[in-house]
Every structure is written in structure tokens, then in C-alpha cells.
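The chains carry the letters A, B, C, D and E, assigned in the order they are written, with residues numbered from 1 in each.
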Amino acid sequence: MTLLALHAVSKSYGALKVTDDITLAVTEGETLGILGPNGAGKTTLFNLISGDVRVDAGRVEYAGRDVTRLKPHQRCHAGIGRSYQVPQPFGNMSVFENLVTAACFGGQQTEREAWRTAHEVLEQTGLMAHANKPAGGLTLLDRKRLELARALSTRPQLLLLDEIAGGLTEPEAAVLVGELKRIKARGVTMIWIEHVVHALLSLADRLFVINFGQKLAEGLPRAVMNDPEVRRVYMGMEA
Amino acid sequence: MTALLDTRALKAFYGDAQALFGIDFSLDRGELVAIIGANGAGKSTFLKSLTGLVRAPIDAIRFKGEPIGGLPPGDIVRRGLAMVPEGRRLFASLSVEENLLMGATPARKGPWNLQRLYALFPILAEKRNQPGTSLSGGQQQMVALGRALMSNPEVLLCDELSLGLAPIVIREIYAAMPSITAEGMTVVIVEQDVTMARQVSKRIYCFQEGRVSLQGHSADLTREQISQAYFGIAEAAHA
Amino acid sequence: MLETIVQGVLLGGLYTLFALGQSLMFGVMRLTNTAQGDFIILGAFAVIAGVSLTGNAAPWLVALAVLPVAFGFGYALQRYVLNGTLGKDPLPSLVVTFGLSIVIQNLLLEVFSADPRAIETGGLSTQGIALGDAMSVGVLPLVVLAIAIAATGALQWLFAHTALGRSFRAVSDDREIAELMGLNAKKVYAFATAIAFVLIAVAGALQGMRTTVSPSDGPLLLLFAFEAVIIGGMGSFWGTLAGAMILGITQQIGFRLDPGWGIWFGHIVFLVVLVLRPQGLFPKTRG
Amino acid sequence: MTNMPPSIVAVERATAASRAALVAGVAIVLVAASLPFWGESSWMREFVEIACYFIFAMMWNLLAGYGGMVSIGQQAFFGFGGYVMLMLGNFAGVNPFIAIPLGALAAGLVAIPVSFVAFRLSGGYFAIGTWVIAEVFRLSFANVSAVGGGSGTTLTALRGIDKATRESTTYWMALACVVAAVVLVYLFLRSKRGLALLAIRDNEVAAESQGIPVARMKLAVYVVAAFGAGLAGALYFVGNLRISPDAAFSVNWTAFAIFMVVIGGIGRIEGPLVGALIFWALNKFLSDYGTWYLLGLGLLAILVTLFFKQGLWGHAQQRWGWSLFPTQRKLLDISPSGSTFLRERP
Amino acid sequence: ADTLKIGYVSPQTGPLAPFGEADKWVIDQMKAAFKDGISVGGKKYAVQIVLKDSQSNPNRAGEVANDLILKDKVALVLTAGTPETANPVSDACELNEVPCVSSVVPWQPWFFGRKGDPAKGFNWTYHMFWGLEDVIANFTNGWKTLATNKKVGGLFPNDGDGNAWGDKELGFPKPLAQMGFTLTDPGRFQNGTQDFSAQIAAFKKEGVEIVTGVVIPPDAKTFLTQARQQGFKPKVITLGKALLFPGAIEALGDLGDGLSTEVWWSPSHPFASSLTQQSAKALAEAYEAGTKKQWTQPIGFAHALFEVAANALGRAKSLKASDVRDAVASTSINSVVGPVKWGGQGPFKNVSKTPLVLGQWGKGQKYKVELTIVNNEAATNIPTGGKLRLL
């Protein structure tokens, strides 16, 4: 069953078409990997899905209903959780409180339930030792981890991950992929933007490649990675 | 010949918390040295100490034989030490070109100017009059690198240069490195991708919990040595 | 109607001068200087004190002599006081400038008493030029307007086309990285404030020439300055000028409808502009 | 797999100091409530005055310290509450004491349309914009001749009420308002809505994407703060009897509130409490020094902002860990149990 | 001996501070006058005068009045200087049932501005000053001596005074019309207006030759300079409030010469203090000698308030508020500002009127500018020093 569908969405900044007539569907339980050169419009696509940015044209459907006009928090309640490429923690709150907030509001839980959720996610993401520290004092990578943890705390059905493996060492990335697999096994649908291609390949069921705001390629990972256009434009290898 | 840059027992603190516990490090002219290490190992802190953003005892850092520890960042950059900061940090209200020109503030003589940069990154020439922050992450990284080059430093310090970059850009940037070092510029990169670090660098320092846990010529170090240096345990090869 | 607009433009010239210093400080340091009006009054009193200390020297000369003092004062104020308040949070600067506003008002009251005073210009302030038989405009307001336009042009050029202007903006964006580029943020800020204070002193001197000033007049001037800056859009000095003109003309129209509602009308236009274009009419810098 | 989460997660929400403060607070309020039977009428009056300042500062703290909306225009609601109370009393014959909450309600209601304009702005623009809005209020009332225009008017409705009744009723109302303000704000901040507020203050975009209805929360806080400001205003002018636009909509109200909150410590309930006490003491003992007193007050605000960024209470809290009204949630037992994937050694 | 406290509220700071400038000196003088104390009901009391600053702010005025009453427990409150101070103080006294004597506000803004009911009057508050009828009489008496087209332009701001002066029923409009003057009133403006082009344009359009009103000093300067710039040259300018103080006139420079204003008190007033026996002239000279400043009109009234206080307290049966009030109400003295006596009909139960004349500023001998009385038709016992000149 299709969980998320974008119908011909477009978005421009001034004269620049950042998202150009993109149509895309994600089935429940699937993990979609998004690739594309820097500035192709990947993050913008996330912004359009999460509602942080309004589409200029086109329609966003989620779980069978039109969410194009919904506010970001309404989309979050509907089950879309996101992380930001540039981490956006609630800097003056503790890490634990960051997660409790996400669970209370995004996950629409009571405070006590939220504590449990937060506790669980802290363990899962290895942030337990930082639980009572102000989130603003974390290092870049811990902040990225917090992004993931916070998104998980909203108990999402669809998880949007924007470059969470960047900056991880190889073994660390492997551990991350392991955990994402477990999340996936719980039935969570994911869209993952990542430049660390090998990490992405180890999880994605399908790839979607964007260039200049348009779809360049779509399909099974192996096929897409062998696509000469993708190799040239994205990997920088002559086919 | 004495080293171009060396540190002796360099310690650094954030308030009461110690981040570096005595780093001995040295750099010869024209080298490309990579620093690797797990998240939170102190790599960024080390680079910040070198450039004066984190306080250091005056004698702990010597550049061309002179002590420069704890000097204001402005003085250090005028002496020829430039940094590409973690997370790009472009000036939001300046255009791409103005951002690059900011790098030329110390007014040092050398081969790098706008023309040459635009030749290296043609996309920047295209976007020269756009605000720097409206670029994609990767494009911003190019501006950040270009901005540091514009000061014509003798030593270029790059923090997580490839973070968030598409493979093609990483390739391009590392492809440009030899031409940069060939002109006598010395480069230090912090890199998570160990394979890449070994490929491009002459020597490697591995940091662990604020100390140097391993150093040597890139070609001589084995994968096992490196993973041991990362995590401090020998049997560290399963995921 | 024509006269209303002409008077509105002249009033706008005055408001431009009130606003330029604010525009500079707001643009560079995101500093909401609520003592702007009081500093203008302080400038006027500095000239008044200078005139009486020098035994009635020509006020123009005294005003010129005050400018370097204002520069130094602004530099020191930023360096030793206001620099401590900068940051993402607008509150510390608001509090400190509020505090300064109270300190200045009461200090002036202590030193000069509450009597209103003026800078005597030897008749210049009362001269007018007849334009046709129905209309006459003052020479002093024309001088004010000319100075306002010149100052706006100079600032805009400085800001957009010089390395100094670039460093103003760079430091305002990311102080740490600007320092990494070799700038001394504290000095750049201090320099910007010093320039702003020269403008403030000019505004103060002219205000003292065209009307009386008393220690508690400052806050009256402050809001007009802010409105001009905000209508115009942050970081654009021509925008500030345009904002001041819009404010002057709408107030002037309002006054003619009913003097009680003139300023009200100006405020309403300000709010309407904000609702329609929160970023101002000609924004140059992004927040 | 991760371990099963513990069925009970231990979270610390109170401190020894806060428990002591609760007991002491209840005792103080009980003693205070009996004041009209043994105290002097000047004490009651002083309390009413400081209560107005305090409630107003408390609401400003809620708005700016927690809601992140640094307004210089709260005097709009202060004055509006005062004027509505006065008009209800003078023209509609409503008992002024009943008119106090009605005035506050009116201020809360008028905040809704005002928010449409104010919320277009943020940061420094918001501060100045709200100030201009307050000026619009001032100028509007100044042009209404029924309430005396610019010269203002007198609350005549109280002329019939006997002095002792008036004084003690005003006092009890003020006391009730103070207690209610503290309790309500505290409970609000301890609830999960308090978390949302903090999140919005830190990062609006992220808060929205984490499911927090940012616009609604901000509006709610704005309206509550306006209600509180209106309450303070109505109470103040019942005690003062004379209202004029310049007095009612003076920016000094907000200036003093800012001073109190900043001196005490912004973003903590103790802040306005401590600030109001200091303000009261300074005002009581030094206000006869006129210019020098004001000058000193200005300097004090500057010095505290520059050298005690957290305010005096915040400083004490940092130093000695005091917290009378803790709103944080501290997770106890943070030793990781079971596997933690990102820290797990490969 | 026990101490008896007298409270005094005036604007010591803020825009209205010139009105309170002389008070400190007057109170110092009073300390000498009261050094032997006052006997009330046969008991001797030491006298303490508590001066409070209203900071020109009506709120603050109300607050300090309440402090005086509730904390200092003063026996009597005195207050002076524009409705912004005197009205809230009087209101506080009325409510707290403490006697109060006020001054330096025309009686209409004081009485009607406080929503006084002419049928009942006030129970605790008493006022001594002149009224709008006097200022209108004086202004028009002066204008009638000159050749003008009788077209008057009014500058009435939106404050206590401006609203009273411009009031259709109680203010200038009615009597001016009756006397054949036409009044152009463009409307109430905010104090601190930066621009009077609108008023000037309206006056020019109507051919106004006489300008009157009650404005604060900075506004007067703004108006006068802009009028000159824009080619508006009235023949007479008679303003209240703005032109009271020599400092304000000096600040106007050349523009100040020939401006006319109301005179409530001057050294040439033929009265003497009932308390110190000083003549008006002697009082002004003592002030000038003591402060090295030129005399101002509020000196006389500040002094007179204490005359009333001393007299009333001396006659009071006890220090009970109602006894003091009764003594105030039955005051009848000849003070340095003229006779003071309450007890008329309607508002005059609480209002005692003092005489008013018209004055004009000109270059002086002793000081830069000096005020000369130029019309005394309304109070012929006060000598004139010249005739009203055209500008």
C-alpha cells in the first residue's frame, strides 16, 4: 500500500526551480534512498514532505489523505518524523527533555509515557550518558544523533533521515545501519538522503536520484548505481 | 630543518572539561597530513587550538619556530594558518563572492585569487552574486574551502572536509589537493573516511580521547593498527 | 496637497537622520538601541554645552568639533559596554540600552535641569524660501534633508562597496569565523557604532537647531527612528530613507486630517507595511 | 535487540529546596491573608502596588523568558485592562472589584486581533512592533473624550465605598491575583505545555516539525500574558483611581518589568519574585533621591545584564543549585543498560 | 515635642520640572519659618515638610500621595503644578479622606478634569488659582488694545490643560465667539509633535493674526520656528504654559521677544506674605539671591500654599483630618498671591480664585529676558509696566 505520494510537486526560489515536477510514491515498510549531487534539491524535497516549506504546485498525499495544506505539526501527528541535515536541537533543554517533548507532542503521548519512550530511545541511540546535559553543548555528531533520536521519539510511521551517516567512521556507520535495520523491521517506512553511498546501499530497497530538482533515475539500487548517467553526474566516474 | 608547525604537550579545556591531554604533533612544509579518530576524540578542538579559537599556552604551539599558542585568531591567520571550519559557517548576508573576499582579509601574497578559485569550482562563478547560505551543503563547502584558500595560507587546516559532500565533489576536491600542496601549501585534513585519508595523505595521526594513539606514514599503517588506535582494543573487527 | 507632501518630505529628512545610526547598528550588530533618542538629545546638549563653554562660538563649528568626540564615545561605548550584550538573544541589548536611556535622561536632568534649550543659529532656523505665493519652506529643513540624503548615500556606498562594509556584515553574521578571517570583531563593532554616533551627533545638533531640546525628549524621537528603519528593511540605507519619507508624508497627511491622529496614522501605516511586508520594503541582509 | 524498557522511569522533578519553599509559601500566604486584621493600611497599599508590578513582571517573564517573545509593548494590555475596568465602573455601574477580572478578560481578548499584527514579526522587530502597537493604544485612548482624552479621568465608582472595606478588598484581590499568577504559571510550566514553550523559544522550526502547534502555543501564551497584564493594570488603577493614557500606556511599565525580571533572572519563576522584592526595596528606601535613584536603577540593570547574565537568582542557582520552582525533568539512573547501538563497540 | 508632617508633591523632574524648580528653595525658607513649630489645639508640634517628586508622571504622583498619606501620615497635603500632578494627588486625598490644598492648575481642569460634581463639590480637597474665564479675559483684553482682524488660531494639545482650554463649553471657543473673535482650532495634538505645518497651513488659510493656546515649551519653539520658515507672521502670540519660564524664552532666542503670556504672580504684585511678611518683591529678591536664578511665577504660589497650611493648622482644633479640613475650609488670609478664601457656591466651595494679569516678554536689563505686565484690566490693583506691543 502506498504510504506517501508526491504528485508533480514543484518549488522555486526566485528563478531557481529547486523541485521540478517530481512524482514519487513510497510503499509502506519500504526504505527509499535518495541520492543526488549537492544542491540537487534533496533537502528541499524533505521540507516539502514535512511541510516546513509549502509546495508551489502539486499535491502531497500521506496515508491516503491529502496533506498538502497541513502544517508541519499536523503532518508530524499524522506520522511523519524528520531529522535535519543541519541539526536543530532545542539547545537550552536537556537531551532527555528534547526527547520527552518530541514524544509528548509528536507522539501525542502523556508525559509519563513520553518518559518511557525517551528513556528507550536514549538507550537505543547511545545518548544515555548525555541525558541530562543541555543539548546545545553537544558536539556536531552527538547533535546529529539527537536528531535521529528526537525523530524516533515522535513514534513515526514514516521517518525522514537527512544525512545522518555523514561524519561517522566506518564501524560507527555499520552500527547505525544495524539499528536502522531493526527500526525497519518494526515496519517503519524510511526515506534516507545520504552521500555515504555504501551505508545507503546496505539498507535501501529502492533508490531515487535527483539532479537539478528533477528525477534522474529511479529503481533497484544495483540498477541505479550502474546507470551511466548516475555514475557520471553523481559518482564522478565515466561509465 | 625544524618542523613548520609543531605542538608539544598541547592541552585544551572547555570550561572545566579537558578535551586534549597533551598532543605532540609536527608538520613539515608541503605535506598532506590526515587526522582521524572517533567522534569526540578532539580533532576539531585540536584545529581550533591551532587557530586560536580555543585557548592554548603560548609555548605549546610553534609555527615557523615562533610560539603562537593563544594568540588572537586574526594574528594567527596573518602568519599563514587558515582553517576550513567544521560545518562550513558561511556569512549569511554576504554573497558567494563576498564570502570569498572575506578570506582575503589578511592580504597575504600568493597564487590564490578569485579567478583561480572560479576555475577550480566553476559552479561558484555561476552563483557568485547569490547569498552564500542559499547554496546547497556541498556548494557551501566549496565556498568554505575557497574562503580559506583566499588567505593564501602556508598551512591549510580542513575540518571534516568531505562531510555531506556528494562523491563527485569529494573526488574533485581531493583531486585538487595535489595541485594545492605542489605549490608548497601544507595541508592538514580531518577525515572520517579512513580509506580516503590513507589514499590522499602522506602521514596519519589517529586521535583517541584527546590523545594521539597512533601516528605514522599512511602507507605503513595497516587497517588493524588503525581500528585498534580508534577504539583501543585489539579484537575490534566485528560489527 | 502639494504642500503637504513637500512638508512630509522635509519631515522625512529629519526622521532619516534620526534613523540612520539605528539602521547601521541594527544592521551590523542586530542591536536594538532603545537609547537612540536619548543619544540624539545628548548630542544636542553636547553642542549646547560646547557653545556656552567656548563663550558662544559659532554653533556650526562646535557641532563639527563634537563629531570626533561622538566617534570616540561611540567606539568606547561599544567596546566596553555594548559588546557584552550581543548575541542571538535581543534581550541583553534591550535592557542595557533601556538602562542607558534612563541614565542619560537623569544625568542630563541633573546637569542641565529640565529647562528646554536650543542651539542658536543666528536666524538660520527661521529663514524660509518662498515657493510661489502660497508656499514657503524653511532653509534649515532643506539643509537637514540635504544632509540626510548625503549621509544615506555615503553609508550605502560604505556598506555595499567597501571592504569595511563587508566586514561589518561578516562580523554580524558569524563573529567567530570573522575572527578566523583576521578581523577583530570587537573593533569592527566599535567602529560601526562610532560611525553611528557621528550620525547621531549630527541628528542631535540639527534637532537642537530646529527646536528646543530637554532631557526627557529622547523616547519621542526613538520610535520614529525605528519605524523608518523597519519600514525600509534591515541593512538598506536607501530603504531607511524611503521609510522615513513614507513616515513623514503619512504623518503630515494625518496631521491635516486631524492633528490628534497624525502620529497615530503614521503608526498605523507602519503596522500595515509590516503586516504586508514583514521584512520591510527594501531588505538587503537576511536574518 | 534492545532490552525491554523499564516499566517505571525515574525522573526527578522536585528538590529539597522546592519542597521547603512550598511549605514556606503556604505559610506566608496564610499569614498575609490575615494582614487586614492586624496590619496597617499603608502596608496593604504598598503590597497592592508591588503586587501589580509583580504580576506584570511575572507575565512578561512568561512571554519573553519562556515564550521567547521579547515585547516592549505589554503596557498596551496593562492600560487596556485599566481603562476597561474604569469604563465598566464609571459608565456601566459595575462594581470596580468585579470589573477587575473583566478588564483582564478584555485585555486577553483584545490580544487576539493584536497578535495578527505582532506575530508577523520576530526578534528585535517584534519588540519594537509591540511598542508601536502600545503607542497606537495610547493615542487611541488619548483621542476618546469620554475618558478624558489625553488628560485622563478619575475612577468615580469607588467614591461611595467605605475606606476600610475598599482597602481590605483591594488587598485581598491583589493577594489572590499574586498567588493565582504564581501557581498557574508554575503549573503551566511544569506541564508538558511548558516543554513546548521552551522548545519554541529554542527553535521554532524544529518545534513545529516535532508536532508542536507553534502558532497556537504562542497565541495562548500571548493571550495569557495579556490577560495577566490587564489584571495588573485593572488592579493598579483601582488602587490609584486616576487614569491617563500617558500613565496607563507608559513604556516604563514594561521597562520596569524588564528590569525586575532581568535583575532577578529571566526564564525562571524566582526571577520576577526576587526582582520585584529588590525593586520594591530600592523604590521604598531610595526613590526620594529622584534623579539619582533612577540613574542608579538604570546602572543596576546595566551591570546585572553585563556581569550576571542569568540574573541574581540565576547566579545563585548556578552557584548553590537553589531552585524553588523546578520545572526541569532530570532523568535518574542514566547508566546505559543493554546494547546501545551507536556507542557499541564494533 | 511631637512632629506634625506636611506633604508636598510637585514635579521635580521630567518635562514639567520647571513648575517645581522653586520648591526646594521655598521649603528651605519654610523650615526657617516653622522652626518654632506650630501649636495645634493648644499643643506645640515640630513641623516636618516631606517633599515628593511626581516625576511629571500622573501615576507616580498618585503613588507618592498615597505614600504621604499612609506611610508618612501627613496632616495636610499640598500640591502644585499642572493637572498631571495636582489632579491625581487631589484624588488620592479625597479617597483617603485627608485634606489637600492644590494650586497652579486653572480651576476648571482641576474640578471638571476630576469629574467633580458642581452640586456636591469635594469634601477634602481645596484649590486656589485663577480660571479659564480669567485667562480668556486677560488675553482678549490685551488683543482688543491692538489693531487686528480678530482672527485667532488656537493651539490646544491633548493634555489636561489643552482639553480644558479648547473645550467647547468651558474653554475658549464660546467667549471668543461672543466677543467677536473667530477661532480656528485645527484640533488636539500630541505633546512633542515634531511638525506644525498642518496648523500653520490652516492658520494661513484662515488669515489668522492672533495665535493663542497652552503648549509645552518645546512645542512652542517648534511652532514658532516653523511659522517663521513657512512665512506665517501673526501679529500677536499669546500662549499659556510654554512662556512662563525665562529659560524657555531664552531658548527661543529672537523669537521670544514680544511673546505674551498670563501672569499669575510677579514681584510687582502688591501683596505680602502672611507668614514671613515679605512683600512679593522681597520674596523674589530673596529667591534670586539664594539661588542665583531669575524669579519664576510658581515661587509665589508655593509660598502661598504654606501660608494656607500654617494658618489653617494654627486654627485647627486638633490634628484629626476632619478638624484640619474644617480649618482649611474656613481660611481667610491675605497671602503673597492675593486673598485666599473658600466657601462660595458650586465649585467655589472648593476653589479660591487669585487675580490674573497679562504680561509680555522683552529684552531685559538685569536678565536676558524679562516679563513686563502689560494689561491689568482684570485686576487693576496690580500695576502695569508698559503696554502690549505688536510682534
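Operating definition for what follows: a residue touches a chain if its C-beta (ideal position, glycine included) is under 8 Å from a C-beta of that chain, and two chains touch if they have at least 3 such contacts.
In UniProt terms, the chains line up like this: A, B = ABC transporter ATP-binding protein; C, D = Branched-chain amino acid ABC transporter permease.
Keep in mind it's a predicted model, so treat the numbers as computed, not measured.
Asks: What's the fewest number of moves from subunit A to subunit C, given that each move must go to a chain touching the current one?
Replies: Each step joins two touching chains, and the minimum needed here is 2.
Asks: State the pair with the higher C-beta contact count; candidates are D-E and B-C.
Replies: Higher contact count goes to D-E.
Asks: Any idea how many Å lie between the Cα centroids of subunit C and subunit E?
Replies: 36
Asks: When the centre of a chain is set as the mean of its C-alpha atoms, what distance in Å lies between subunit C and subunit D?
Replies: One centre to the other, that is 33 Å.
Asks: Express in whole angstrom the distance between the two chain centres, defined as the mean CA positions of subunit B and subunit D.
Replies: 49
Asks: Based only on mean CA positions, could you tell me how far subunit A sits from subunit B in angstrom?
Replies: 29
Asks: Quick check on subunit C: which residues sit in contact with 2+ other chains?
Replies: Correct list: 106, 109, 260, 263, 287.
Asks: Mark out which residues of subunit E touch at least two other chains, giving numbers and ranges.
Replies: Residues 13, 158, 188, 190.
Asks: Listing for subunit D: what residues touch at least two other chains?
Replies: 139, 142-143, 291, 294, 346
Asks: Across the complex, what residues on subunit D touch subunit A?
Replies: Within the complex, subunit D contacts subunit A at residues 1-3, 5-7, 9, 11, 191-192, 195-196, 198-199, 201-203, 205-215, 328-331, 334-338, 340-344, 346.
Asks: Residue numbers of subunit C touching subunit B in their complex, please.
Replies: Going by the criterion above, the answer is residues 163, 166-167, 169-170, 172-174, 176-184, 235, 284-287.
Asks: Once bound in the complex, which stretches of subunit B touch subunit A?
Replies: Residues of subunit B touching subunit A: 36, 38-40, 44, 86-87, 123, 134-139, 141, 160, 163-169, 171-172, 192-194, 227, 230-231, 236, 239.
Asks: Can you check the complex and tell me which residues of subunit C touch subunit D?
Replies: Answer in residue numbers: 26, 30, 32, 34, 81, 84-85, 89-92, 94-96, 98-103, 105-107, 109-110, 219, 223, 226-227, 230, 260-261, 263-264, 267-268, 270-271, 274-275, 278, 287.
Asks: Considering only the defined contacts, which subunit D positions touch subunit E in the complex?
Replies: Per the stated touch rule, the residues are 40-42, 45-46, 49, 90, 139, 142-143, 145, 148-154, 156, 158-159, 163, 166, 239-242, 244, 246-247, 250, 252, 288, 290-291, 294.
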